[in-house]
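Everything on this sheet refers to the single structure shown next.
By letter and in written order, the chains are A, B and C; residue numbering begins at 1 in each of them.
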Amino acid sequence: MREMKDLLFTNEHEWVDVQGEEAYVGLTEFASKALGDIVFVELPEVDDEFSMGDSFGVVESVKAAADMYMPIDGVVTELNTELEDEPAQINQAPLEGWFLKFKVTNKEQLGELMTPADYERFCEEEA
Amino acid sequence: MNNYNKLLCDISKPGRTGYRLPPDELENIAVEDGIPAGMLRKDEPALPEVNEVDVIRHFLNLSQKNFAIDKGFYPLGSCTMKYNPKINEDMAALPGFANLHPYQPEHTAQGALELLFELEEMLVEITGMERVTLQPAAGAHGEMTGLMIMKAYHESRDDHKRTKIIVPDSAHGTNPASAQVVGFDVVEIKSNKDGDVDLESLKAALSDEVAGLMLTNPSTLGLYEQNIVEVAKLVHEAGGLLYYDGANANAILGISRPGDMGFDVVHLNLHKTMTTPHGGGGPGSGPVGVKKHLVPFLPKPMIDKKEDNTYYLNYDLPQSIGRIRAFYGNFGINVRAYTYMKTMGAEGLKKVSQMAVLNANYLMHHLKNFYRLPIDRVCKHEFVLAGLGKSELHVSTMDVAKRLLDYGFHPPTVYFPLIVPEALMIEPTETESLETLDSFIEAMAAIAKEAEENPEMLKSAPHVTPVGRLDEVKAARNPVLKCASMGGEN
Amino acid sequence: MFPYIPHTEEDIKFMLETLGMKDLEELFADIPKEVRMNRELDLDAPKSELEVQRLMKSLTDKNTSTDEMICFLGAGAYDHYIPSVVKHVTGRGEFYTAYTPYQAEISQGTLQVIFEFQTMIANLTGMDLSNASMYDGSTATAEAAAMAADATRRKEILISETVHPETREVLDTYAHFNGLQIKTVPMADGVTDVEQLKGMVSKETAGVIIQTPNFFGIIEEVEEVEKLIHEVKGLLIMNVDPMSLGILKSPGELGADIVVGEGHAMGNPMSYGGPYLGFMAATTKLMRKMPGRIAGQTTDHDGNVGYVLTLQTREQHIRREKATSNICSNQALNALAALVYMSILGKKGMKAVAEQSYRKAHHTMEKLEAIGYKKVYDKPFFKEFLVEAPKDPADINKTLLEQGILGGYEVGKHYPDLKNGLLFCVTEKRTLDEIDLLVKGLEVAK
């Protein structure tokens, strides 16, 4: 089980779980609640290369659509294609419903992400 | 006993027909002789086989599941759901209009061209513009056309830096979308607490990269833009153009003209202001008017008059943005608008706006006793409430809207504009009587009371409609977009 | 007094008193003086219904409708027969005075109509799904180009020279502003030149647009085009005449990714060019790239089947500045007419109308050849064909008109090499007698 305290965060309400040279990215509970029932997820392809801040996919509810952004530079190594069939997973367990795994190509950028405490404050300000 | 709830594909029966053609005297000519087998269909298309009686009953029963202006009050803000006069329909259906081929020679269609020419003149007078194209098929199509004209204007001056369109945060979603498809970047600016354009925010956004500003006046809050003169001055000083979204023109006929306000481009929605029917979502007509400096860029063709007073389609427009659709606009819709404007005349059109504004203020005056009115000043043809204003009741604007269905009213526009939380946008129009307004006020008051005493009644509403609240999540997760039973050929 | 404004003088007085206002002027006191109109509108005085009818009659008297001429003109607008039942359905106030079906519970009529329209368009074109319709065939084509670009993330669109010239002009206009690059595939012998196309498709090509039957009425050979464009992972966009699909192989079978076309001929009058309806169908893969409205089936809390507008996140009101199309409406009432038309004709009727049109057109062609009007292209055609006039086609049409015949389309204005070309259209509505009159007229005219 993933826990908030082990993760890093972006101001696009995405979480990043760094595992050695690779990282998982997903949507936080805050964002999944704001979107409502998620009905569709669009993922990129394995080996796609993205820079920090690039849009890599889309997540949609009935009344909203949001882009998913790359938290830091990376190359996609694995996709959670289960989400395509069961997007509701994101609402049910946001920390388990990862979108993709990527190879971290610029570790220094990790320093630009928020810590759990920073992110908590960030959410309070947004709410 | 009756099967009228079914789909046509489910009542289809092999061998049944609903048509009859004259006898085919040319059966000796075989399709297979002229067209290679590889180009021909092997199976008949998967369409139903039904009788004319089936068809009429099917659609008549379906029609009964619709709410419509002909059934009752439809105060849908921003949509101007006013009565659609019956004579408009009859005039558009006259064989002398309905059975004209778009390519028949101009001298055999002088009546049609004269009508279009004169409709343009009338719209010029109402908007205070130099010329109007009747080609756009809808409001969004008009927006696109108007923005193309603005872009073409800047390009003609070799001013290629102007890539941005400013849009207020209260704007219709279509405004930014139209700017996007025409290749502009959208800059959003804030409204101030009175619902007007925030001048400081506007000043900060203006630069030599701004192509123009899109504005609705009255605004989507139903308020006349107090700073309009200053806004126009600022945008023009920065070299930009002003675009008028005519969605709310029902408030200003004979009262205030976009041209006089300083706008360079305007689109009107004839399906709102000029009573052409909404048709369940179209067809509409979205004419675009422009000031003199933009006339050369209007789409092809324009309708012009020759010296001998005959009319013709003018394609000789070298700076035109080009064609924006086939033929010359939604002619049948333009016939309806022309009929209406001739019926009302100058006096009637002004009265339209006066009564529309009177009706809106009357409703606002009463409803603010039960609902939260965020900006309390004289409104124009519509106004926006911020729901019940009692969050402790846990009753949403959506619940109020759905409960209104049980009272036999179409709900107002909900959750728009985005800058007002729990928005209920109410536009009564001028075609509603005092008695109708009073009964709507009564229903809204009763619902406010129910929200306190029996909130469950609202949350589970509607109770008397053909179906209850439908599962939109299911529809979007597993889209079923066609009838499964008949199957396609695949 | 006005028939659509119910206020009595008493009502107005009472309402103003309620608002604490002394006159109507006070309602407009917030408008800055310099932008208040200081005169009355310079328009006619109001008219009674009877006066309006007289006025409109005076205008229609200046038109000659196709009721008074025998119509052999097509080129995108077609004189097919409209069964009576169509106007009785579209004339229901419950349909035509309703707004867009945003409140699903009280719009099940309109929503089910859209769902059934989608079903029949998808089945007729042989595609997986359809939207609720678009402005017209030309704008639907331009939207399909933008959709292909969005789906492939490419910018280049190839369009055949045999596509209707006005459709190509509309595409050019849209493309100038949305950044698509349009290249025209030349024609050879009246059809798309596939050899030239071979040299044009590349990994930059988002899609290729083919019209069939094409502007000259000729049925295009699509197989080779389909292979070429799919080899480079571009999309095949077909613009088709729905009236031909009763007999012609469906675009779905031919491998089309997006199918568009002008649908007015199904139940909508020619009405001097509008309102018409464009239709758009596509493969499931492109479902979320489709512009426009789409209705879907679902259930309410009691399990009753119902319909809603769905996949709305594709649309402008949600995507706002990220939208790839700004269309908000559909041509709902025209689509209803088309739906009623497809229902009443059904699978047999669509075929019968197509066959009769085909036969009458071929019969006419043979007769014209016999009197010396040569066919320009010897290719399979549907209901339209191009002949070479022995002299200026404008003169020929003038002579025909004098005999009450609306002649063919003069294609020379778009195709300078075909300056004597006359494009005739023969639908199932024409009788053999009328065809004989055309033949006689052309004999006189030459």
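The rule we apply is simple: a contact is a pair of C-beta atoms (placed from the backbone, for glycine too) under 8 Å apart; a residue touches a chain by one contact, two chains touch by 3 or more.
It should be emphasised that the depicted structure is a prediction, and the values quoted were computed from it without experimental measurement.
*Asks:* Look at the interfaces A-C and A-B and say which one is made up of more C-beta pairs in contact.
*Replies:* Higher contact count goes to A-C.
*Asks:* So which chain ends up in the middle if you average the CA atoms?
*Replies:* B
*Asks:* Which whole number of Å gives the spacing of the CA centres of chain B and chain C?
*Replies:* 19
*Asks:* Approximately how many whole Å separate the CA-defined centres of chain A and chain C?
*Replies:* Their C-alpha centroids are separated by 44 Å.
*Asks:* Could you please state the distance in Å, as a whole number, between where the Cα atoms of chain A are centred and where those of chain B are centred?
*Replies:* 38
*Asks:* Please list all residues of chain A that touch 2 or more other chains.
*Replies:* In chain A, the residues touching two or more other chains are 40, 60, 62.
*Asks:* Quick check: what residues of chain B touch more than one other chain, meaning two or more?
*Replies:* 472, 476
*Asks:* Which chain C residues touch at least two other chains?
*Replies:* 312-313, 318-319, 322
*Asks:* So in the complex, which bits of chain C are touching chain A?
*Replies:* Within the complex, chain C touches chain A at residues 288, 312-313, 318-319, 322.
*Asks:* Quick check: in the complex, which residue numbers of chain B touch chain A?
*Replies:* Spelled out, the residues of chain B in touch with chain A are 472-473, 476-477.
*Asks:* Any idea which chain A residues touch chain B in the complex?
*Replies:* Touch residues, chain A against chain B: 37, 39-40, 60, 62, 87-88.
*Asks:* Looking at the complex, which residues from chain A come into contact with chain C?
*Replies:* Counting only chain A, the residues touching chain C are 40, 42, 60-65, 67.
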